[in-house]
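Okay, so here's the structure we're looking at.
A, B, C, D and E are the chain letters, set down in written order, and residue numbers restart from 1 in every chain.
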């Protein structure tokens, strides 16, 4: 549908939040807890934190939780009764205060979880999720959303985008049907659009490269030793994958207590050595260099090729979270500048 | 292939009495992996074991859980049954429904539920058991016998006569132990020297026995079939090869006033001495604590007179090492001194003596050449009072047990006294007469009836000296606890037999458990009296608990027969419960991270370093490796290993975790 | 939005358990729910996720032919957590099966051609599926040759089916064991699979070669086939990679941009050559 | 006072298990809420097994073995003691209820002591009630 | 910084070091590990007070396990870790040299882990004031408060294992968390699994942790992991004797004293 613009005053915005809270819906917003900002379910509007650039963990856990039950089973003698995922128990959830790059992260997830076969569990959680994002008025040196086709005011992925427009007003853009439905419930809180250009209120992040260029470069230097040099300091943990809004890799593990138990899906990371280890002991991605190459190639080459969506929204979380300061934007810039390699 | 059979035993009424065995068997059928479950009155009986064998054949079982008594009792039995029926012995586990359930809980549903839980626990374990085969270990066919008393002598002779080597070590300068101190022995009153000395000589001359006297065990390492014994030969200051035992040095030695241990301090000996005339080896030893040369650096008279110059003052202690297949502990016992009894004079009265001292007085080779004379003034006592149970059966004194032999030797002492001093009066204060052996009761009746020894049933409360006489105040419980007072010339206390004061140290050196009285603990009071819990270490004689000579000799032969069984095969099969460091396909080879901190955890130094080399011979990785011969299966390294690279067969991580899961998830 | 949970396995009854070799078993599985049996179809070469509830899932091929209705078979070697749990399953137990996943052996394209099956060790199961599928429509193909090798006589799987193939006149069967693995009364070949292939020298013209086995066997068999005249688009093989989901989402089985679980496991030698050396 | 509680006892085969056997042969009654798991030695008891026991539903744990110097394997119980000293400190850091774990030395001759330890521990666990606080942690959904 | 580059160039030129692991400027004010093997990249190297990574963690990584001559920039924390790693036989065939900053900030070359061992100061690594304060607050907490505290903290742990990857003492080729027969630690991140994992990690640090704080620095969620090991070390020292960093493999859990003190075993 066509995005419709409205304005909403700061106080109406708080009222909108209060209305959602009092309607008993599950509302998740950025909350500051011992010097980290994380998306948490909130009970009152005062808990919301808004003076941060970005949360540590992304919002992907609202559609792709770090651990979820795919199915449960009960063994009685030789019989097994399996009970399916409780689709109708997935609560309606409102994500309040996400950034455009958080919302942009859902596109790659949607792509993977609906590549040929549809992951009904993921889709149900996505269907129940309404995303109300806030444009970015500030950024830090890890952000590179503009290079990934996004931007501080990008609407992709959000159902409604609020852009603070100074002196107590905000531009409210209604982007999707869900956004429309929300708008219709609370039209009284919105006024006509002021028609002001929202760019002026947004922070400026200069674009360094674009996804097509990156795709060509990384494919060209597949055999290069740049991967080894860049991944020299990578310690093989899972921090970058777990904070990333676009990483969808998961592991399936069973958990049992006596004759009952459940099959769980949980986050996994291509950085771990165990990720591709064969029982025979052979490991196609034995070294950290191959694992780092896989992470970059999968996001910038394989996903565009197979499901034509780039696996990165340029949020910079992986660079901030990495203990060894593996700055993705910096690494991509290095690859961009590489000419023919004298191997 | 988890096809498990569950067999619940009623054990007569022992389990059936409080546990509903049928219900346990019924609920076991529903356990995951169980294909057959039944219960039977006596599972360990022949029909019971045949029932198991038939079930294995009929249901093609791959694992067996027997719910019966303690695995410490019948685990070997049922494991043998299973292996005879084609199921590897180690696929059979026992649930302890008797000692840990039926005997200790009231009859009721809770007890039956607990029994079901215990069975489910072991079914969980068996599903993760792996077939194991015993480990073959070479046996060095030499036995080490510690202690040269009658027990040590008998064991050594039995083993040596069967053609195996024996190393007999004795702490004192000569073998013979307490028996050599006795005058005559009950019930036949034959003289102990006459029956013991030939055996001592036989030991000394036996080609298979290496006799090392005046020596103690320094340390024992290794395990059954492969012990390394380090023996400390205390310096005798004599060159045994040169010394002919002529005894010249002992007659010339100026310090003659040392109270002799052999005569229980009633007679004296010289600094360089032979403990008693029939000593084997009949060679002297210098007592460094009393020899003037060692104390003050002068004298050396014995060196001057020795015809063969055999004196070696600078001889050091020597540690010799022997590889040993099995060990027999025959260290015997001690008797409490008179100083242990404040109510009997704290050992102040010279004429209050112990039974062993009376033996020395009665012995022809004793300080009084067999005449019963008072140690204080040498007169022949007219009236002697013998006290049975002096210290024994007296919890207040910390000795709860009965010393077993004192009733018999007290009767003997009284009889010997009456034979030597016909007109003398002998009184015996006793609680009960324990004379249960062959011809034993007839012996005590003879003392009472023929030799008119006056037996008074009652305890003695106090003994004190009054103008040369010993006033013995007691009571006669057969006459309504009437107080009795006897003026005696001498009192003999039949003091309690106790363990040597260094028995606990020896037990810790051998890793053998000992009870609160420091007697060594046998593997099982009824079924394994001569064995200990440590494989390869056996017990003989009074070191296990007080016993008389016939029982000691029988037990000594028992221990010898156990060792002969062990030495009958060239290889020893050992429990395969050993730790194993995992191995994996290249390029990993093993998950061991090579930190080798497990080496200092292992008490048996069983963990070695193994270098994994590639074809070109370069070392790729150095990982740990467990020597199955040395590993005793304690599992401390398994719980220590941070990368879970070591696991122990029979108690593996998976088995223990599944056991706990099965126990706690009983939904 | 249809709520069919793609992680839901079919509950399967373990109908029959056969011990093929030490540590190797074959399960015949029946669908417990009749409606699952009706709507389940698969093609030769596809694989599935077999699971023991409470322990986990494990990936191996469907070893029975699609032409045999009503049941599927799988063969596995006890090596890890799930295969150990499977080994402990008895007849009558319930396990889970998810699938079919992956692409297929293009039997229809091979119509009218000779078929050469080369299998090594535990890789006979994926081949057996396509062999029986071909033999059940035997008339579509010219002559069929099967070369199968294992480490020792004891390690040969599907022993009775090997007999069956040997006694058929329309199949040429060559069975070999690695040097040292033969028993005194062993009448088959002795030697590694690549050398036996060279010895039997199957004719390359109009022939499709299907090769499955451990990486070392593949490495030495392909050059032999090329020497015999096989072109790299007439040689088919399957690729084994670690898998969890089986339908391209869990992100671990890719070699370059090729997802073994979606684009494979069946590949031609030509496709393999185009893959980056990351397998 | 909660009465259906579960207490699991990890004991060493040579001393405490034999002590428990002796309790049996002497027919000394004690609470049936304790079930004994046999280990070759206290040195073999892995601290993670205690965590697993709590996770699987144990409300109390008894860990017992040979007295120092009596270990059949010489030093198993010494290493175990060190491990328990460190483990108890770590558990207290995390706020796990160490009153629910009873460490003890029971020799093969102390049948009565074993019964007494079981009864006092069961009494204490009954007062503390089931350890639901730890078991509820197993809720899977991340908050 | 001149002296530093000079030492590094000499090391590379003389072949005493085929690889130099040092620090370089990172994003913003951050410092990050740098891996130099040819001389003209020496200019990138810096070594100042902001360099806090414990570089010894790379010495046991599979990628560098087979490089024998390595030079490492060693902060006091790195030195302590190297000494303990050498004690645990992790540098079997390695010829290591270390570049250390002495009191007045000029670079010093030390050849070999043994030499480093006796160069080690006896003083402990100081805690930051925030950590000090948290530790004190923690001591005052009751059992229930501590349990609630960790329930809240560990609910954020996503089991990304950055703490394990950053810790120099966590070098096992296959860690217990990767064991699935039996599954000691549950793979998915659940509160109970997180408790089990962090308790296990603390136990594996008994007598081995060098207080470098890399675990807490690496945790993307900022969990206070350092106070777990700090508190454990304090308790160990109280009951079992001082925690000395040395080459000795005799550590807390693999040795014992016959009279170890405790007050809870009946």
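Descriptive notes on the structure:
Quick note on the criterion: a residue touches a chain if its C-beta (ideal position, glycine included) is under 8 Å from a C-beta of that chain, and two chains touch if they have at least 3 such contacts.
The shown structure was predicted, so the numbers you read here are calculated from the model rather than taken from an experiment.
Chains making contact with chain A as well as with chain D: B, E. The minimal number of chain-to-chain contact steps leading from chain B to chain C is 1. Using CA-based centroids throughout, the chain positioned farthest away from chain B is A.
Taking the mean of all protein C-alpha atoms as the reference point, the chain centroid lying nearest to it belongs to D. Our note on geometry: chain D versus chain E, Cα centroid distance of 34 Å, whole angstroms.
As a whole-number value, the distance joining the C-alpha centres of chain C and chain D reads 50 Å. With centres defined as mean CA coordinates, chain B is found 73 Å away from chain A. Mean C-alpha positions place chain C and chain E at a centre distance of 48 Å.
In chain C, the residues touching two or more other chains are 56, 80. The set of chain D residues that touch two or more partner chains comprises 47, 52, 56-57, 69, 75, 79, 83, 140, 142-143. The set of chain B residues that touch two or more partner chains comprises 588, 601, 640, 653, 657, 661, 665.
Across the complex, chain C meets chain E through its residues 56, 80-81, 84. The residues of chain D lying in touch with chain E in their complex are 47-48, 51-52, 55, 68-69, 75, 78-79, 81-98, 102-105, 117, 133-135, 137-140, 142-143.
Across the complex, chain D meets chain B through its residues 6, 8, 13-15, 17-18, 20-21, 23-25, 27-30, 32, 35-41, 43-47, 49, 52-53, 56-58, 66, 69-76, 79-80, 83, 107-109, 115. For chain B in complex with chain A, the residues that touch the partner chain are 30, 32, 584-588, 661, 665-667. The residues of chain C lying in touch with chain A in their complex are 1-9, 11, 51, 53-57, 79-80, 92-94, 96, 215, 240-242, 244-245, 247-257, 259, 262, 276, 278-279.
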